[in-house]
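Note sheet for the following structure.
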Amino acid sequence: MRCIYLLCIVAASLMAACNGNKATEASKLPGTWSEIETKAKGSSITMMMFQGDKKVNRYMNEYVVPQIKKLYNIQLQIVPGQGKEVVGNLMSEMEAGKKVSEIDVCWINGETFFQLRQIDALFGPYSGLLPNSKYVDSLNPTIKYDFQQQVNGYETPWGQSLFYLIYDSARLLNAPVSMANFETYFKQRPGRFTLATDFSGMTLLKTWLVELAGGMNELDGPFNEAKYNKYSAQLWQWLNTNKQYFWKKGETFPSSNTTVSQMFSIGELDFTCSFNDAEIDNKVGEGVYPTTAKALILAPGTIQNTHYVGISANSGKKEAAMVLCNFLLSPQAQARKSDITYWGSGTVLDLQSLPPADRALFDSLPKRVYGLQNSQLKDRAIKELAPEYMLRVFDDFRSKVING
Amino acid sequence: MTFKPRYVSIAVITLACITPVLVLVLLSLSQSWVYPKVIPGRLSVSQWREAFRQNTGIANSLYITLLLAAAVAVISTTSGFICSKWIAYHKHKKRLLLLAYLPFVLSPVILAVCLKFYFIKLNLAGTFVGVLLAQLVIAFPYSTIFFTGFWNRQMLQYEQLVKTLGGSQGYAFKMVIVPAAKPLLLICFFQCFLIAWFEYGLTSVIGYGKVPTLTIKVYQFVTEANIYYAALSCCLLVLPPILLLWINKRIIFRQVK
Amino acid sequence: MDKRWKIASIIGLGWFAALPLVLSIGYALLYSLGVIGALNKGFTLLHWQKLFTESAVFGSFAFSAYIAVVTIVVAVALSLTIALQYHRHLQRGFFSSVIFLPMAFPALVSAFFFFHALSKSGLLSRLAYKAGIVNSIEAFADLVNDQWGIGIIAAHLFICFPFFVMLFVNRIKSERVGAYLSLAKSLGATHWQALKKVAIPLLIKKTLPNILLYFIFMFGSYEIPLLLGRSSPEMVSVLAVRKLQKFNLYHIPQGYAVAVLYTVFTLGLLIIILRSQKLDYDL
């Protein structure tokens, strides 16, 4: 038994030793971009990102990884991890006082950006230093502000997304748009609706929160506790009354929207949702969705946001990370990303500012056939709410609806 | 022919054991499985070829998993064999064995999230060595427990006999003990190999996803709803142990967690 | 020489077995008490208080115990039947190989298969549709992500029953159950009586520690409930990991508190098992 006491002492001293030492300041970057590029050559970097989408993975594995290797001799390893894993890992590293992070680049936005800034885990400001940042549509408020937060150069815009629902117009002749419509629909077709407990489902909840608040103006601006409490209480009550008509009687919810989309494709559910403008075209092309699949914008509008890439404050390869960010912003990489056969997300570049040859890359892309049409979108885009709304909705949906 | 319930139940059990293997193999060869078709469609081997040729990382995973499992098996079998001897003959055998049971019965994923801090501290998180060490935390105690049964009075007597006849301890070890333990060593090797081969929780948490073993790959394909590649990776996980089972039933004819 | 090896062995065991445990529980405890952690502000019992007011935590422990008990009861019943009734088929031939196939399945693969076998769009549902038992996809019963954890139990059962078969087959040999059975029969017992009164109680008693150990394994299961479970109640490992990777960083200490609670529970159970029974070291 004495061994155990000894072990306890060792453990306690190890833990004591581990406390307190914060990460030191990052090493100084070289001055000019060409110096940065030179220093970046031959590095290996790790990018943590959401890997729940086949097309996104294809874009990364078949285009970005080989290109960055070919152009800059940078070895890029991609590891899976959504926002919460990025935050969790970077936070654990800071708690352990690790000087050089295992993660160099991460795909972030909204509440993840908020949390990473909260724990000071992001490197910056740097995005203004990237040569390709001159093409960014920087006047666009949805790019300049990430969930109503000033970006201030701590993340590089990567792509634009719109949130919308997908339904099969052959199955549903009158798709519900407002919450009142949904109540009628739930009763008519019970068991055929659900939402995921990931960011997609939570964005749907936020859209409904906006509807309950009577429009975006009420919730615009910094987080307002009183308003949140007022409208979210109505939302939870509405969900709790209606969840009996949800998939599996609302007693369980899928953990990811990928599952929801799968169930939609086999006809088990009437709706799925998406952040990817090209999702319907992609999936119709693969034969997964019927050609009658259509995009649906809810009554309050479509939440529009930008996704970004950030560099961790303790990355040991900041130069290579910046070169990667710059590459991701290049017209070539952005055009490929907008290609509906790859990823199909909206570009963050201002096409008018591009040289004609680069603009032609975008003009020659195949057009959407089934997905959101520009006519549908006119004046329907709404801003993201402040990040605290997302965090609170995440928490409260679990405690008030799932466990409630 | 008379109806024998015994044969019916045997047939049912057999079917239940074989179906999963067949379904996994079929799904891995398929590219479409639309409801309500029972048999997956568009069967061809091209998917397997693609999986190894293209940038899917499956081949790399197979290689990493093999290396990892072999290293875990070699280290834990040898060290567990030696360590168990001293524990088996120790006067506090029971208490020491309790120690060995500790990490082995805890949920690996919970152990991993609590240990992650130290692995980060030691710069081991996200590295092959880190994952190897983490797996040893399970495999080594397993192997120690496994061998304690081997060290009985008879073994002790053999060893003493060699000593009385003038042989050194090293000689006794090489000529008597290891040959006697050979089948057990082999079994333990494969058991530890399988522990590492099957591991998911520790590897995903300590490895950050940077050590992409096959189980990590399966989970990744499942989350992107790529059931055909997921099934293919499942086959790579399942077929080698089946082959071993078929070659030598005794190897797996013992429990592993 | 001897002495040195002995000390090295014990240190090795301490280093690889005891130290990780002490370190992990120490870290989790300190974190849950707010002593360490980037966003913690010093010692507090608040996280533990919150934990005890949250019914989800107790629900999760109860659900884990339920899954483990049901799986083990069914697995023991099934494998005892196979070991006692079909032992002749286990000696050689096709059946004797096939029955151990599930041992080649990691938990994750078993979960993956059972999802595609039992879900509404799964194999069973398709067969039922073909056979005309159901006429639409919704009509098929909920077998995964279901209230009773049927999918979770099935996936666990699949990978664990061969172990129990093996355990019982070995024990039937080592405990000379055959001899007892013929003795009972020669004393006038029917086959069923001999099984019920002699063989089954003897085997259960002899294997109880192994069965209880299996209970602990099953209790901490992660991959299977992760893929086949519901949002609530979750099994303990799933709950702990979710709380640790929560969007709300201020809830992380609660996750560590769950981890501590789980570890204490498991250790207590393990000590009881090892104390009360002479555990057979033959794993």
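Each chain carries a letter (A, B and C) given by its place in the written order, and its residues are counted from 1.
Following the convention adopted for this analysis, a residue touches a chain if its C-beta (ideal position, glycine included) is under 8 Å from a C-beta of that chain, and two chains touch if they have at least 3 such contacts.
Computed from a predicted model, the values in this text were never measured in an experiment.
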Intersection of contact partners for chain A and chain C: B
Most contacted chain pair (by C-beta pair count): B-C
Of all other chains, the one whose Cα centre sits farthest from chain B: A
Chain A and chain B: spacing of chain centres that average the CA atoms, whole Å: 36
Chain B and chain C, separation of their C-alpha mean positions in angstrom: 17
Chain B, residues touching no fewer than two other chains: 35, 99, 117-118
Sites on chain C at which at least two other chains make contact: 10, 14, 18, 23, 27, 121, 137, 244
Residues of chain A touching at least two other chains: 3, 14, 18, 95, 266-267
In the complex, chain A residues that touch chain C: 3-4, 7-8, 10-12, 14-15, 18-19, 83-85, 87-88, 91, 94-95, 111, 115, 118-119, 191-192, 197, 248, 251-255, 263, 266-268, 390-391, 394-395, 398, 402-403
Contacting residues of chain A [partner chain B, same complex]: 1, 3, 14, 18, 46, 48, 51-54, 57, 61-62, 65-66, 77, 79-81, 89, 92-93, 95-98, 102-103, 256, 258-259, 261-262, 266-267, 287
Residues of chain B defined as touching chain C within the complex: 6, 9-10, 13-14, 16-21, 23-24, 27, 35-38, 79, 82-83, 85-87, 90, 94, 96-111, 113-115, 117-118, 136-137, 140-142, 144-146, 148-149, 169, 197-198, 200-201, 215, 218-219, 222, 227, 230-231, 234, 237-239, 241-242, 245-246, 249, 252-257
Touching residues on chain B, where the partner in the complex is chain A: 32, 34-35, 54-57, 95, 99, 116-118, 120-121, 123, 125-126, 208-210, 212, 220, 223-226
Complex contacts: residues of chain C adjacent to chain B: 1-2, 5-6, 9-10, 12-14, 16-18, 20-21, 23-25, 27-28, 82, 85-86, 89, 94-110, 112-113, 116-117, 121, 123, 125-127, 129-130, 137, 158, 163, 166-167, 210, 213, 216-217, 219-223, 227, 236-237, 240-241, 244, 255-256, 259, 262-263, 266-267, 270-271, 274, 280-283
